[in-house]
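As structure tokens, here come the structures.
Note that chain A is present in both complexes that follow, paired respectively with chain B and with chain C.
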Partner chain A sequence: MTVEAPVFEEAPPQVEPARGPMDWARKNLFNNWYNSLLTLALAALVIWALVALLRGLLSAEYEIIRANLRLFMIGEFPADQLWRPWAATYCFAVMLGMVGGSIAAGARDRASEAGLPYVRTTLRQVVIRFWPILALIAVILSFTTTVTPTLLTIGALVVGLGSYYLGRVLPRAVRRWTWLIAVVLIAASYISLAGFGGVGWQGWGGLQLNLFLTFAGLLVAFPFGLLLAMGRRSSLPVIRTISVGYIELVRGVPLITVLIAGAFAIGFIIPRDIRPGFVTRMLIAIIAFEAAYIAEVVRGGLQAVPRGQVEAAQAVGLAPWKTMRLIVLPQALRATIPAMVGQFISLFKDTTLVAVLGITELLEATFVVNSQTAYLGKGLFVVTLSFAALIFWVGCYTMSRESRRLERKLGVGER
Partner chain B sequence: MTVTDYSDATRATGDAIIELVGVDKFFGNFQALKDINMRVGQQEVVVVIGPSGGGKSTLIRCINRLEKHDAGRLVVDGIELSDDVRNIQEVRRETGMVFQQFNLFPHLTVLDNVTLAPRQVRKLPKKDAEALAMQTLTRVKIPEQARKYPGQLSGGQQQRVAIARALAMQPKVMLFDEPTSALDPEMIKEVLDVMVELGRGGMTMVVVTHEMGFARAVANRVVFMAEGEIVEVGTPEHFFTDPQEVRTKLFLSQIL
Partner chain C sequence: MTAVEETRHRPRLWRDVRVLRAVIQVLAGAAVLIILYVLWFNLTNNLRAAGLPTGFDFLTQPLGVDIPGSDISPSAPIWRGLLNAVKNTLALVVVGIPLLTLIGVLVGVARLSTNWLVAKAAGLYVEIIRNIPPLLIIFFVFNAVVLRFPVLQESLNISDLVIVNNRYLAMVGFTAQPNFGPFLAIIAVALLIAAGVWWWRTRRSEATGVPHHRFLWALGVFTILTLIGFVALGGPIGLSRPILDGRALEGGYTGLAAYWAVLAALVLYTASHVAEIVRGSILAVPRGQSEAANAIALTPFQRLRYVVMPQAMRIAIPPIISQYLNFTKNTSLAIAIGYAEMTRITFQLIGNGQPAPQMIFLLMGGYLIFSLIISLIVNVVNRRMQLVTR
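Take a look at the complex of A and B:
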């Protein structure tokens, strides 16, 4: 079969070939007198801002960060107990490495069983994936005064990497228990911080406290949020009303209100001798607050599971709670991962609000150091706040990158 | 009109395993089923046809209580469906169902889809459940797909997995709700072939479908439903050669 080429009466319209950036600029930035004026003005503004920023960064006094780095990282943790945060860091390095390794091995095995191609992640890809975090670690280490933290950090990275490979080569029977190993390691990290004469979370501060409040807050709030979400869909009016009432009440109030209410209401209600400290009260308030938000996230996931899934489970005789546990929840929770990461990001930033009760988390720490006599009146707020901002930005940016990556991955092949 | 075995919905061939007496079903003010009386005998294959919105799907969804009937009696294998949850579970264990949209569990492999109910409901050990699953997958001719996920299979393959999933519970009755309606034309045959074999193998089946070729091959009776009522009942031959009611003739002229 032959296809005759279409014959044009007139020549097809000529597309002008691009002639490089100069041509583009002339067409888009300088095509008439007022656009040219705007372009020049904005260019001047941008250049001025960049120069100012660069000059600020170069001439700033970083002594304030160098001197207070420990306060920013771990608050007022006793200086002779520094091995404790490091021990905890190593526990986390092992934990993250092993969990990551066993997840990778699981994906590899599932792919090979299903006959799908599996592409192994290379170290280079991991570095590209987490470059903001690695860069941040380098920046922080550049403010240390001795070589020990750098060596210990490199050690932790190596241990983490080793654990990753260990997690990958573990036999399947052992891999099934990785979650238990993770739980044990998390417990071990807490014991190494607080146990045997250490400091419990009541005395924590700095970035360590922000991370603790975020992880512990979300982890504990999750089951409550799950229950609230299921309660909201319950056919029993009492449970449904209570769930909806709680969710809407909490979601209608700013977090800071809940924090203050938590701090003082708990103080009033609970008798003095068993009254929890401020950090614990904050944690309780955060959990109460996050549970409502998680409930709404999970509800979205539950609604994303088609009705037919439940019907198919019912038709084969699965009991309602098994239908929920084996069919609905796995699909619903998978659908909520991106939104949960979003929740994580916003809580990480919101943990700075506990500063209203005088708790020295990272942001508050970067604020109060400016009233130390050496730096008083020097106007170094910009320096210290930028440092805090960088840490928060890297954390949130990394999470949001990972979330987008997960979204892409879950969108393909799994459904 | 002479009453024969085949033109009376309440006369099953042999012992009745499904029995509907005066069943009504409402969705709000809309009556989806109007006074349905019907019996299905052991090893009988009943094909239900009729225009959409006529109550066919509602009828078979009531049989395993995916829909609750509002009036009348509904008995499956000697168990009357009521609000008693144990009875409902019992009936669901005895009836397999195949849906138009397959409704496979996308997060589980084919093998896990099929072994789920035997393990969770029948409490079979993993090994036995997997052996049984491979047996049923062989019966629907796709044992080699056991380790794949539903999303990797074609529509026809997915529907056959859905049939295997239902068969793995070793049900006494199989319900099919338009099993080939969501399939591309070239895949309909592979599913119908499995269903024909099932019917010839003695499975009791109630099938909502417009595949009259299937009805001719294995159906003992065809039930024509419209507007929530059973309009006409007969052998497949009767519907091909001698439909009585005006609505039946009109409908058949549209699908044949």
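Take a look at the complex of A and C:
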């Protein structure tokens, strides 16, 4: 059997750098007949979509959003208590700024100790990284009717920036306690919302409730998820079976069924004199659901720690618990950060499901406003749903970009 | 050097690892059992106190709710309504999975196209749809698109092939004529002969080294035989056009608007995730593979079909199947726009006074069975692919 040598009819074309827009278009848009056809068809579609979008944007009635902006943002919060959400926002701005600043300072110190150059993140880079969020804030503020929210938002940004620089210049001894300051500030923001005659989370709504369910759900579920993940990797068969059983059972059902169970069945299985409020039951359901997913994320991180690390810890005589706490967990949790951001994104999207059970979070609010007498039957769903979609899109898109950046930075994907 | 001294004393009981392991496991097991028992105790007590049944006998009681788009009356037993709901969920899954695979793979490949516009357009679609909650997409498709279609009396009718209104979407369909049975037999025979041709081409290719083209051969033989059968039997399959008769649609394939809205929204959403997986998997194939394919002068299509795709698919298939699982679970979101699938019916029946714990147990059990089947498929696929490659 003879094998014929392949015959080259001509030398493979040399790739030349493009010389001007016409040349670029010929290489990247019209390099053969089917690509030319595709380009023309798609270009027609894109132009049509752009024109339709532009016409929609110009002709839409934005009054429905302008009149209901507060409902979208914070739900049915009493109008005379508006200082409370603002106070909470300022607490959060300080908290985020200080945590960011002290993380940056920590990185700077570690780099200088290791004798490595430290590249400072400039304000310009931050603006480039978070432009969708800044643009979203501008869009939301454009719907306000008075100038106060704009001034307050600018104030919050300035305060946040100031806290960032404060966090950077804090002496090391103080910086070790930043986590405590953060906890205190989070507690302060909750107290400013709910304490002394305010509104607890049962009465929250709008975007505020989506964010609360996401943050609280993930934070509370995290310790349970960690335990479940360690249980799943345990060498004790009973503990492993319990963990695997729980994780797989929860991961096999949709979140909405867990929420329905939280709404209608939790009351049957807990003692009758405990009656948590509706939002609390939703939160419990979300925590129970997320714990299983976080367990899988953490398990991935635990598996990424090389066995040699555990063996080395055993060789220097560390107890199993100390091996876990000092050697395995710090490395494993670092590796899970990108996946945790992914989990955050998917939970943020999933908090819309409580709308099905009638809680006025952001998505449900877009329906509530359409049944107001002024807008009933006008078919403004396109406007309100697009507004909500924009908010979710900006949040999820920015975070997924950040998670990809972290992945590159931590080198997680390169093993 | 001294010899290692042998220490043979037993450790004290509370330091003995074997004892500790046993004690911890017994304690954990007992704690879980006690918690489960307490919950069970509360459940039965509370159900009795509320005057609700504690068993599953209620499933034979009348349904009490009307199911849109089905002929099940409110007086039919509950279990029939639940079976219908399973059927409706399956209708979404069975149609949705092939569709989303097709769109996902096409878009994923398009994102890596050398055509700048194609790549950017595909990227735009993926980045927009992936970051919006699926429930919002369903609402958008239903409230902003489907509900804006004309009402039933003023249905949009495209030359009797497609009828669109805001309650139904009907398409021209096929109906079996009297001699459909013999035609099925002819199709079966044609399939057998095609398989034989496939086998013959494979053997010949192995023996002589000529390209086998077994797929084209088999397809050609099958098509010709089926066509001959179709003509000989005088058209065993007829067309059935949808007819708008007063308030009802008859003939053709008719689906509720809510069904099409959920299907379109979830297929678009899941396809964007599949596209990302496909793109990542293609990029994960080492560059040297493409370069080697170029070096032996394969055409771009051959390079994709025989070199890149087989390796990329090995990476892509497990995460894609887990997207199928997500799709199946997300069909529960149809509850929001009233398509009568499993979650919707359960929700309605609970609102109608049926016992919530049992209903939710059945609902979760149903989804668990779906999940179990899909993870079985994952395992089988994983094992087969490992055998094939290494």
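Criterion: the second predicted complex is superposed on the first by the 365 of 415 C-alpha atoms of A that agree within 3 Å, B and C clash if a C-alpha of one lies under 4 Å from a C-alpha of the other, contacts with A are read in each partner's own complex, and residues count from 1 in each chain.
Everything that follows uses one rule, which is that contacts are C-beta pairs under 8 Å (C-beta built on N, C-alpha and C of every residue); 3 or more make two chains touch, one makes a residue touch a chain.
All of these numbers come straight from a predicted model, not from anything done at the bench.
S.K.: Please indicate which partner A:187 is in contact with in the superposed arrangement: first for chain B, second for chain C, both, or neither.
M.R.: After superposing on A, A:187 lies clear of both chain B and chain C.
S.K.: Of the two partner chains, chain B (first) and chain C (second), which one does A:376 touch, if any: first, second, both, or neither?
M.R.: Once the two structures are laid over each other on A, A:376 reaches no partner at all.
S.K.: For A:115, is the partner it touches chain B (first), chain C (second), both, or none of the two (neither)?
M.R.: first
S.K.: Output check: A:51 vs chain B and chain C. Expected answer is one of first, second, both, neither. What do you get?
M.R.: Neither chain B nor chain C is touched by A:51.
S.K.: Output check: A:317 vs chain B and chain C. Expected answer is one of first, second, both, neither. What do you get?
M.R.: First partner only.
S.K.: State whether chain B or chain C is in contact with more residues of chain A in the superposed arrangement.
M.R.: Higher number of touched chain A residues: C.
S.K.: Which partner does A:308 contact after superposing on A: first (chain B), second (chain C), both, neither?
M.R.: The answer is first: A:308 touches chain B but not chain C.
S.K.: For A:326, using the defined touch cut-off, is the partner it touches chain B, chain C, both, or neither? Pick first, second, both or neither.
M.R.: Touch status of A:326: first partner only.
S.K.: Is A:138 contacted by the first partner chain B, the second partner chain C, both or neither?
M.R.: Neither: A:138 stays clear of chain B and chain C.
S.K.: Flag every residue of chain C that touches chain A in the complex, lowest number first.
M.R.: For this pair, the touching residues of chain C are 21, 24-26, 28-29, 32, 39-40, 42-43, 46-47, 49-50, 114-118, 121, 127-128, 130-136, 139-140, 143-144, 147-148, 209, 294, 296-297, 329-330, 332-333, 335-336, 343, 346-347, 350, 356-357, 360, 363-364, 367-368, 370-372.
S.K.: Which residues of chain A touch chain B in their complex?
M.R.: Within the complex, chain A touches chain B at residues 113-116, 306, 308-309, 311-319, 322, 326-327, 330-331, 334, 413-415.
S.K.: What residues of chain B sit close enough to touch chain A in their complex?
M.R.: Interface residues on chain B, with respect to chain A: 64, 66, 89, 92-93, 95-97, 99, 101, 103-107, 109, 116-117, 120-121, 147-149, 151-152, 162, 165-166, 169.
S.K.: Residues of chain A touching chain C in their complex?
M.R.: Spelled out, the residues of chain A in touch with chain C are 1, 6, 8, 12, 28-29, 31, 35, 38-39, 42-43, 45-46, 236-239, 242, 249, 251-257, 260-261, 264-265, 267-272, 345, 349-350, 352-353, 355-356, 363, 366-367, 379, 381-382, 385-386, 388-389, 392-393, 396-397, 400.
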